[in-house]
Structures are given as structure tokens and as C-alpha cells.
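One structure coming up, written as C-alpha cells, with questions to follow.
Chain naming follows the written order as A, B, C, D and E, and within any one chain the residues start at number 1.
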Amino acid sequence: MEFFLEVLIGGLLSGVMYALVALGFVLIYKASGVFNFAQGAMVYLAALSVVGIMEWGAPLWLAVILAFAIMTAFGIATEKFVLRKLVNQPPIALFMATIGLTFFIEGLAPMIFGSDPRALDIGIVDEPIPWILDNWNMVISKFDLIAAGVAAVLVTVLALFFQYTRIGRALRAVADDHQAALSIGIPLQHIWAIVWGVAGFVALVAGMMWGARNGVQFALTFTALKALPVLILGGFTSVPGAIVGGLIIGASEKLAEIYIPPVMQDLFGGNFGGIEGWFPYVLALLFLLVRPEGLFGERHIDRV
Amino acid sequence: MNTQAATAENYLSINNIEVIYDHVILVLKGVSLAVPKGKIVALLGANGAGKSTTLKAISNLLRAERGDVTKGSVEYKGQRIDQLSPNELVKRGVIQVMEGRHCFGHLTIEENLLTGAYTRSISRGELKDSLEKVYHYFPRLKTRRTSQAGYTSGGEQQMCAIGRALMANPEMVLLDEPSMGLAPQIVEEIFEIVKDLNAREQVSFLLAEQNTMVALRYADFGYILENGRVVMEGDAEELRTNEDVKEFYLGLSSAGRKSFKDVKHYRRRKRWLS
Amino acid sequence: MSKQIGEVILDLQNISLRFGGVKALTDISFDVREHEIRAIIGPNGAGKSSMLNVINGVYHPQEGKVFWRGSERRKMEPHMAAQQNIARTFQNIALFKGMSVLDNIMTGRITKMKSTFLEHALWFGRARQEELEHRKKVEEVIDFLEIQHIRKTPVGRLPYGLQKRVELGRALAAEPKMLLLDEPMAGMNVEEKQDMCRFILDVNDQFGTTIVLIEHDMGVVMDISDRVVVLDYGKKIGDGVPDEVKNNEDVIKAYLGAGH
Amino acid sequence: MLYREAGQFKTSYAADQQLFPIRQDRIGLLLLLALAFVGVPMFASEYWFSAILIPFLIFSLAALGLNILTGYAGQLSLGTAAFMAVGAYAAYNFQLRVEGMPILVSFICAGLTAAGVGILFGLPSLRIKGFYLAVATLAAQFFIVWCLTKFPWLSNNSSSGVISAQNIEILGYAFDTPRDKYLLVLAIVVLLALAAKNMVRSTTGRAWMAVRDMDVAASVIGIRLMRTKLLAFAVSSFYCGVAGALYAYCYLGSVEPDGFSLDMSFRILFMVIIGGVGSILGSFLGAAFILLLPIFLDIALPFFAGLFGLPFSSATVSHIQILVFGALIMFFLIVEPHGLARLWQIAKEKLRLWPFPH
Amino acid sequence: AYSAEQFFPIPSYRVGAYGANGQAFYGGFIDYLNYVNMKDKGVNGVTLTWEECETEYNNAKGVECYERMKGKAAQSAGPIHTMSTGISYALIDKSAQDKLPLAMMGYGRTDAVDGSVFPYAFPLVTTYQMQASAIVKFVKDKLGGSLAGKKIVYLYHDSAYGKEAIVALNAEAGLNKFELVQIPVAHPGNEQGAQWLKIRQEKPDFVIFWGWGVMNQTALKAAQKVGFPRDKMIGSWWTGSEEDVIPAGEAAKGYMAATWNVAGKQVPVIADIEKVVYGAGKGNLQDKGKIGTILYNRGVSAAVLSVEAIRKAQDKFGKGKAMNGTQVAWGLENLDITDARLKALGATNLLPTIKTSCSNHEGSGKVKIQQWDGAKWVPVSDWIEGNKGLIHPLFEASAKQYAKEKGITPRDCSKEK
């Protein structure tokens, strides 16, 4: 039982880390109806900028600010040179463009900042909190708790932003119909630039947390793979969905990794571990069969 | 045939524009027209004549459909506007209601209307007033205010699209087939609204309309477009009494309105098309 | 007029349809006779399109019964309507945007084709023969609607009015027994409406197709329909021959307005 | 007026429904086929066969498969490589376990196996749409690859899950040189491409496209969504399965489950999108583009760097290569979001008018 | 003027998830070739030349690179190092057909140790299985000479690579009577929460760890998170480079890993390369800091063996001539690198001694265990050889099965000389 709880809590806390990445996807999907494949690469770029700039001698706070500037500039450039020219095109074309962007970043970022894996020290150690360990015999690290706090703040702010601001509403309009949004004077250009900027910021946060946790390196781009099932489970368009989805995926994947392989081993023989690669996807898939738009996603409207 | 040129101050004028879609499909072959301040101008013509294209060329929405204005210019209040973004245009008071409704399906009717006011920086109170004004014009929308637009009926969506444009407090509205799919009563109402805004707030209108009868009744001036060219233009009154217009666009023959049941299956060539 | 209005083929009894709190249809009954042109009119949002959706199985009413040729129809899927020879056009054009006019109309005949995908892959025997046969039929429809010149054009590029016509073509290609038309003339000028009326009347006349028509142009409705049903806020407020309906007080108040 | 159709009148529907109604296209294609079957084998070097032509054909086939599903039936899938893996492993097992099964039959069975798996993973598409479905197909991608590594029986108990393709022999003739393999692959790909073209221009294809463009309307006119979508999944997976078998047998020779990675699925998706969604020709153009561009950059960049005496290290060159690749993808999308096939079509339309502007 | 040239096709990778590893390895490899050219004017006057081709660690690209360079390699070819199991698998048949030597140092198809079936493939120095066996031997020493009743967790990348060692570990478990708990980690391995909680619950005496790329750092961090002591973890040689531990920061301190080449610039040849090659501004690395790292030195060690094979071949087939693939393969098959030879090369302790033969393409099977002290790798053992008697028969059986599947008639090694 104790072990079960420990796994559950550990899972929930890793789920928070997934949610951090998923948030970036949600932002851009909401603003343009496009699945931004480059989000993982942006996480990489952001984290790499921080360590890269620190290597040039800047202190952490300055590096973070500069990295934020880089991400913003990057967002604006993306809008100006790519997205603007693809307004009103089929979503798959935009999707593809974000893949192109992914390659672009994957080539550019290490060229500037070097491709060696590096450590990122943000001053929070990832060790069990002794008090909890002693009293409850459970490993929970301060780092994870802080990550959860950060995620909670981000989610709240973004959710409020979408629900209650003019821009939030405009974003949802843009996602529905680019051309109509243009026609009533929504400045698509600015909005996209802003959203990509914000997505860059979210990527920066995610990049720093993940970077501090696993080191800053190319593999940060793979964090996207962890975020996708979270995204479908929560619903592409929902900010709170990202966090709820993250928690569900995180917890169930960890529990599954512990409890399913032994069962399968009894059935088939052999070692069936390592199911974390597909389990979240299958879970999300099963879930979708019940709710095709995810937990909090917007229903697909087809009316004739 | 250039009869209008020197009337009132030309608010909006299009000079000899040519539009090509997809780099190869030539749609407008030199269209010129003008909308004087505070007037209602109707743009008539058969399917595919290029009405919608003309309107989109003005509001700069063509690029999103991979169309390009390759020749000519568009001026508004004496300034060229062909390079302005739609957002700039709306800020200057030029707004288009697109053909085919284009409501934001996932937003509620009210949210749709609110997005219409995006370009205006106004207080909550003013926003509310604008909203009320639209609801006043379209009471039906008020009853459906919390429904997602995607689930409302065709006519409700049409009202929503028009109402949304009105929320921007425009000076110049480009209306593309406003009457499409609306009940006759509402059609009349919409044109009354147009008249009303025109009279009270000096809003100018350029409307592409298939319902020629109504359009010419409310408009001050009309252009007839065929195959990407202006083939006829004149005061609404004048057009309404023109024999050709009567026959081809109003469905009236010398013997008055013919029943739809009795029209014969033949077509006379329009003289001006050869 | 040579046509003979026949038996009731479609009978709707006490249909009610709700979407959450929205009552789209409330306790509506009416019937359609064979070979007639039956118009449905009513203000916007009255529930006309929903009615058509009930008829061909896109919506499932919470209450009420539908009788098709005398027997009660249980819950049905949209594709079954097509098999029962009910074809339809849509208010918001629902053409297949990426396909040419010809292909769009060919899809209308899909229920009539029997060959399998393997035969298609080999382009052999029945597949090939069918393709030619149906192409001939489709060309007849194309000729009928006078859209020969745009045969190979992708429908997305067509102006609105022509798209409407193509959609009619797609429905006609199915050689339906019953044709449901949802505002087929919206966005057309008088001349085009005349053409459209001509097509509808011809179909009705030549093939005896029963037609259910939603239209806001009263001129058209009053001129060509045999019977008209009027809906308002999901309720039926009138039903009868055009002249009767035209003079019905409720109808005038709710829909026609004083102008008519 | 180089590309002129004027004067080519069709007097029968049969003539109008030919594969390539326009004479220039027909002649062009025949020339191309002649070149591929006769010209290339005479002149191409081994490098061209085994590093360019064979993978080009195989990836074209896979892209074609995906294009049927995504481009024609509108179901976005990110699991293509997994279906290829199914094909590869199925072919291997049929050869291994069924004594004397002709290799071509194994390939077909491999395709059928993949089709079965495809149908299974296609089932959710009845309810799930768009990007949701795309992400759901990732489940197939990861799950299948995992299964292949976890059930040793599938790889004949090889400790690492790697399988080595058996030798290819058809009617006593051993296909062991790159040229032989090229011809074999070419023949299969041409046949399957032809079949695909036939399918998409007939009822099957129209039903797919109808479902893609608007499924509610499609069902109202009598198309059974379930059957149509599942058929698309099956046919698409069949193509991918055969491609996978060819990948193992005619290209790499030995494959491991992890080789059929998500990366590969994406690469095939790029081919489809860059080439042209919903275009048979596009699948080939896309495959050529995505496959050849990096090779070209790999050769060209160091060359140019050398030309201008730029002091690029090998790492920098590699990075620039990826960067340029990404930039070019975006560039082509901006120029033509509907892909190379559309670009080609527009070029043809221009040629038709040429030298007059309109 | 004409002079003989020995060509090296180098399918390398410097971008992507493993790009950092590739940069160090191939940097070292090319630096050594350059060094030989600059210092000795090549091998007996034969200049070493090479061409690189980016594979991105991708099998298909690797094949393309191979095919592209193979034309040039037909005349003369140094051993091909792909540093990728996947690519080497894809090339194994092709290279045999083209008669080009394929080196797989510490990766690739391990049953190629049996040269009778794989005449052109060389899993040089040591293999995963021998390494696993050696690690078990080391752990056994650490735990006081007996493993009976102990528990060892094998935490591995769930791929062909990670699974290779399982047979060997199972065999060892049977022999030494310890309990082996296998815990796979799904690719890419950036999430190991569940695995480490499980390890915490299992309370093993040691964790043997087979990771690659990001999985390594993550494991170290996750171990820290659950409080598992790092000095009870031993990694394989692909989990024991600077690239693997530096990103984990403090968490990596005390962690041990196997290697067949030591790190550091104290190895004479490494120091000399820095002086000669980088002194002349001809170094391959952008970042000189990598000189002397594990992977850099590994690249040098690979180059040393390659050059030695060519030298050996020249001894037999003609000094001062470029060697073709078959000749180099013969050289690789007849390597005899003694301590003295290592010393002469300045490579003392860079590599273990190696003696290959037709039936043994591995030639050594020895590893050293090193420990990360927070700043550098420190060797903590001598060369340890795996249990050859236990492991090599496994290779032979596997190779036999392969030969059967492929219809290969094995060479008779007893007739080779």
C-alpha cells in the first residue's frame, strides 16, 4: 500500500512535468488550430539558450532574461517569415511548417550554443525531502514540489488569460476560422506573435525544469512525446486539461509500469517492462473512444 | 458609360483592378467602381461574376485564398489601401461581412459579437451598448446568445455575421450577400438596418447581392458585373427601369412578373456578353 | 401538368427534437405524398433544416414516429436513407471540396455501384463497365443542369451559385425517389432561380421524384409547391396549399410580414 | 503552348476516363517507364541502385500508402513506420516458417498482415478525428514496435530482435545484385502505383475523398463511413506492409524493430505533405525530395564551404544541413501549401498558356 | 606527385540526439589519422585520407553513406566504424559482399566474434556480453568474492542494444547464484520514476546499468532522487563518458562504469596529438576541451587499431602500398597488440592487449572499471577479462544459426593462417 502510494505520488509529480510541456502545445493550438510540432524543439532551444549564455559568463537571472528575449524574437520571426504566409491554409500545411521549424531549430540551436549535454543548476536539488522520508518512508523531492507549484501558477494565469481577456477570445476565434478573424479586424499577425512569444516563455519554463532534472541536451526535444498523450487526454484546447491530463497520464503510466509487466509475465513469460513508451498513448486512445474531444476539449462541430 | 464620376466625394474607389487566383486563374479583368460617402452602392451580377472577389480585393482578404491583385489600385478617403492589413482597414472603418457566414463555430453567439469589437478600445459600458444595439436589430440572436454559433441555424449565423461586423462601428461596410438564407421578413429588416445606419450614422455600404429587387430598392447606385468586368452602371432608379436589367436580373418581363412555374427552359444571350 | 399526386409515402407523427435546452421541434406531424412538391417554410431557426435531418436520419428525434411507405422506421443511420432512395442537398453547401464537379456527382451514384475495391484496383471487368455506365448517367445530369463547361473544375473554385447547382446534381445522380432540398436557391439571382425552378419542376415531372423543399423566396415557394407546411419556433403553425397558407393569419404574423 | 491539350478531343467516356487523358502525359510516362526499366539498369552505378533508387522506390511506396490514408481518406496517421515493421517481420516469418513459400507470396501475405493490423488500429477513426486521431495512431507506432521487441518468437528468438532477411529467389533466379533488386522493387512499385491510381479514380477513391472532405455529407449520400475508413486503413497498411517487406529484403537486408521509429513515420509523412496530399505523383515527388535533399546538402555544403574557404567544422556543416533542410521545407510550403504535385500542375497550366500570360 | 593513399570511409554522426557522442569519438578518430600523417608521413609512406558522411545515427542514412563511399573504398579501405549498432547490422551483409572490413568496437553484432561466419565484421576489443561478464566479476570482488544470494538489478535501454547483455547476465546469474532483476526503460529514457521506485523497493546490492544518451543522466538523477547510492551503480561503456555524467551534475559523483579505453591526457599519444595536430591548427574538434575525454580517447583507440591493422596488412602484402578491403580484413584478423607494442604507440593503458584470429574477432574481452569523482574519470580496477568459457560458446551458437538462415558456409578456421 505504501509502495502504491509512493508510485502514485511520484507519477502525479512527473505528470506535472509533462503538463508543463503540454501547455505550450495548447497555447498554439488554441491560437491557430495548429498542432505545433516544434514545441519540443522550442523547449530545447530555450534551455540551451540559458546554459549557453551562462557559459559565456552571465549569471542565471540574466541568462533567463536573455533566453526569454531570444524566445520572443524567435516567436516574432516565426510569425513574420512563416505563419503569416500560411494564413487560411489547410492545418496539415501549417503542421508541416512547424516540422520544418523543428529541423531549423535543431540545426540552429546547437550550432550557436554547442551540442554537448550540460547540467543546468537552478539551485534546487532533486533529493528526497528528509522529513518526509523519515516520517513516511516516502521519497518526494523538493524539486518536484516546486515544479508542481510553477505549473499551477502557469495554468492559473493562462486559464484566466484565455477566459477573461479580449485577446483570449480573439485567439479562440482565430483557431476557428483564420479568414473570418481577419475580416473582422483581429490582427492575426500580432496575435500569433504574442502567442508564440508566450509559448516560448512556457517552453523556457519547461526547458529549465526539465533541463535541471535531466540535463540540457538534444533529448529535451523528446519531452514533446511525453506531452502528446497528455494533450489528447486533456483536450487540445484546454489549459486546465493539460494539467489534469498530465496528472492522469503521469500517475497511470507509473502504476502501469510497476503493476502490468508482472501480470503479462505470468501470461506470456518474458520481461514485459518498458511499457511507458506506449502505455500513455493507448490509455489516451481508449479514453478518446469515450470522449473523442478529450476531457475538456472543444467538441468537434459538424452540422449539416 | 461613365456617368457617376463626379458626384459626391468618392469615399472608396477601385481603379481598374485585375485579380488572379493561384497564379493562373484570371478573375477580375479591370474593374473600376466607386462608393461615395454616405451612399449605398449595389454590386450585382450572376454567379461567378466576381462580386465576392471584388469585395475581398478591397478588404485585402484575397491573399488568404492565394489570390492576388496584379493591377490597379484601391483608395479609401484618398489614400491607397491595397497594402494595408485587414486589421488596419477595420481600424479605419472598412469592414467586410463575408459570404457564407463564417461564424466562429466554437464561440457562443455573444462571444462572436464581442470579437467584432476587437479593434475598438472602449469601456465595458460602451461595449454593452453596442451589444444591445445589435440585439435590438436581431432579437433572435438574443434568445440564442449562449449557444455555440456552430449549432445555430443558417439564418441565425447570417445575423450573427452581420451583427458582428456592426460591432466594429464601421464607416464603410462591404456586405457580401447579406440576404442569403434569411426569411423574407428579416431580409427587409436587414435592408432597413442598412438604410437606418446609412441615414443616421452616415455609414456607406457596398453590397454584393443576388436579390436584385431589394438591393436596387435600397441602393443609391448600382454596378453590374459579368465575367469579371463592369458591364453596366448607373443610378439605382435608372437600372431598375432598364429593360435588360428588368428581364435578366429582376425577372420581370413586359408582362409583369412571371410565375416561376411558367418560365421556359431557354436562355437568351445577354447582348453585352458577346 | 401531367403528374399525379399519389399516396402518402412519408408520414411524420408527433416529432419532438431537443438539443439540451433548445427545443428545435415540438410535436410536429405532417406527411408527404408521392410525386408532390412539399415546401417547408418558416422564420430562421424555426427548425426546418432539423426537420430534414430527422427525415434522413442525421438527427434522431426524442419522440415521435416516422413512417416510410407505410411501415414504421426505427432508428436509422444516414447512409440508410440513401439506400431508401432519399437524396438531399444542404443549406451550407456540403460538397466535397477537393474533388472535381464530375467526381462529386459520381459520388451521388455510389449506392448503385456494386464492384469492389479489388476490381477497381485492377480496373477490370465490372469496375470498368460500371464506371462507364454511371458516367453516362452522370453526364445526363450534367447536361440537364447545364454545367458541362465546369465538369473537371474542382468545386472549391466555383462560385457559390454554381456549387449549389452541383450539389443538386449530386443529389439527382442518385435518381432518388425523394429529394430533400434545403434552400437550393439561396444566393442566386432571379434568372438563376428560374433555372433552378425549372430543374426542380422537370425532375418532379419527368421522373416523378417527390420533393421536400425549404426555401425563403416566397415567390418560388408559392409558385411551384403543391403543399406548404409552416414552422415557427419548432411548432407547426400552418399546413396546406399555398393560397391557404398565404392567407393564414399566424403565418403572416410569424413569417411573411406585411409586405406579402 | 508547349503543353497543349487543344485538339485532343475525347469522343467517348472511355477515352476520357483513361489513366492519363492527355497525350503529353501519356508519352511522358511511357518514356519514364522505359527509362526506369531499360535505361537506368544499363547506366546506373551500384551507388545509385542501393543508396538512391531502391530506397526512393520503397519510400515512395510507403508514402503512397500513407497518402491513400491521409491524402485521400483524410485520416492523419503517424504510425506508418510501424505498419512497415509489421510487413517486414511478417514477410520474414512467412519465409521462415512456411516451407517453400514463394517470396512474392510472402510479400503479399506481409501486406495482408499489415492490413489486418491496420484495420485494428483504424477502428478508433470511426470516432476520433483530425489531430486527435494522429496522436492516437502514435499508439500504434509505439505499441507495435514494442511488441516486436518483446515477443522473441517474432524475430526467431534473436536476442536483440534483429532479423536478417532471407535471400530472394523467384523461379530459381536469385535476386542478389542491387540491379536485380532494383528491378524487382521497381516492378512491384509500378504495379501497386497503378493499382492505387485505379482505385483513386474509381468509386473506392471517390468514397475516400468524400469521407475526407465532409464525412457527414458522405454518409448522407450513402457512403458507409466505417467500411470506407477501414478499407482505407487496410489498403494503406497493405502498401506500407509491402514497403516494409521490401525495405527489409531489398534495401537494408537486416532490420531491427527500433529502426522503424517514429522518425521514419514522420519522414514518410513529410514526403506526403511536401509531395502533395492526395496525389499519387506527389508521393513520388515527395519521396525524392525528402530523400535526395539531405544527400544533396551533404555533398553540396562542404563543397561550397570549401569553395569559399569557410572554416566550417564537420559538426557545423551537419548542423547547417539540418537547418537548411528545415528552412527549405518551410519555403516550399509557403510557395505552395498543396505540395510539389500542385506546383507541377500549376506549371503545366502555365505551360498550356505559355508564352502568353493569360 | 603520386603517392599511395589509404582511404577511410567514415560514416559519422555529429547532430541529433547522440551528436555530442559522435563529435568526440570521430574527432579523436580523425585526429589520430591526421597525427599519423603528420608525424610519420602515414603508414610506411602511405598517406591516410578519409571522407566523412553524416548518418544522424539513422540506419537508412548510414547505408546511403556507405554506398556513397564504397566506390572510393574499392581501391583501398580502412575499417569502417559506424558507432551504431543499427547501422552496423544493416551493413554487415553488404560489407561482406563488397569485401570491406566493418569494425564494431563495443557495439554491433556480437556473434561476429566468430569470424568463420563473419569474415569481414570485427567486434574488436570486447563485446557487450564479455563486458557484462567482466562487470559481474568486478561486483563479485566488491561484494567480497561471492554473489550467492545477492541481488543485482539490470536496468537497460529497451532495445537491441540493451538486450544484448541479458544472455550473458543470465548465464552469470546461473553460475554465481545471484538473483537478477531485469528492469527495462522505454526509449528515450527521460522518465525513470517508476523504475527507480521499483529499485528502491527491491533494495539490490548493485545496479548494472545499460543506457544510451539521455537515459544515463536521467538514471543518475533518478537514483539521487530515491536516494540510491551512486557507487553501487556500474554502467556499460556507453554509459560512462563525460557526456553522460556532466549533465547529471552532483548526482553522478561516485558512479562507476566500464570502459576499454581510459580517459585523460596522461596517455602519451593523446598528449602528443594535442601538441602535434592541434599545435598545427589541424585539429578536428571545435571544442578542444574534449581532448582526453572517454569518447575522444575511444575514437583514438579505434583509429590506433585501424592503423595497426593496415600496418599488419602491409607487412604481409607489401609495405608502402595501399591496402584493399580484404587485405585490411586480414590485418584486423591477425592483430597482435602486445604491451610492448602499446608502449611503442604511446598507447599504454589506452587499450588492453589484443590478439585476434579467425575464430576470435574480439581479441581481448577485457575492460577496466572507472569511477567519476565529480570532475574526471578515475580507473578503479585493472583490466578485467570476462568469462570467455561461458560467453564465447553463446556467440558460436548464434553465429551458426545465422549461417543457417543465410545459407553461409563457414570458413574452416583451423586452415587459416
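Worth a mention:
Simple rule for what comes next: a residue touches a chain if its C-beta (ideal position, glycine included) is under 8 Å from a C-beta of that chain, and two chains touch if they have at least 3 such contacts.
Remember, predicted model here, so these are calculated numbers, not experimental data.
Counting hops only between chains that touch, chain C reaches chain D in a minimum of 1.
Of all chains in the assembly, those touching chain B and also chain E are A, D. Chain A and chain B have centres, each the mean of its CA atoms, that are 44 Å apart. Rounded to whole angstrom units, the spacing between the C-alpha centres of chain D and chain E is 36.
Put simply, the C-alpha centre of chain C and that of chain E have 73 angstrom between them. The distance from the centre of chain B to the centre of chain D, with each centre set as the mean of the Cα atoms, comes to 46 Å. Residue positions 151 of chain B each touch two or more of the other chains.
Of all residues in chain A, those that touch two or more other chains are 106-107, 110, 115, 225, 271, 274-275, 277-278, 303-304.
Residues of chain E in contact with two or more other chains: 14-15, 19, 23, 158, 186-187.
Of all residues in chain C, only 56, 58, 77-79, 81-83, 87-88, 90, 94-99, 103, 106-108, 110-111, 113, 115, 117, 120-123, 127, 130-132, 135-136, 139, 170-171, 174 touch chain D in the complex they form. On chain B, the positions that touch chain C within their shared complex are 21, 25, 44-49, 52, 99-101, 140, 144, 147, 151-156, 158-159, 177, 180-188, 210-213, 248-251, 257, 259-261, 263-265, 267. For chain A in complex with chain D, the residues that touch the partner chain are 29, 35, 81-82, 85-86, 89-93, 95-97, 99-108, 110-111, 115, 225, 228-229, 231-232, 236, 268, 270-272, 274-275, 277-278, 281-282, 284-285, 288-289, 292-294, 297, 300, 302-304. Considering their complex, residues 45-47, 50-52, 55, 96, 146, 149, 156, 159-162, 164, 166-167, 251-259, 263-264, 294-295, 298, 313-319, 321-322 of chain D touch chain E.
Per the touch definition, chain B reaches chain A in the complex via residues 59, 61, 63-65, 85-87, 89-91, 95-98, 102-107, 111-112, 114-116, 118-119, 148, 150-151, 164-165, 168.
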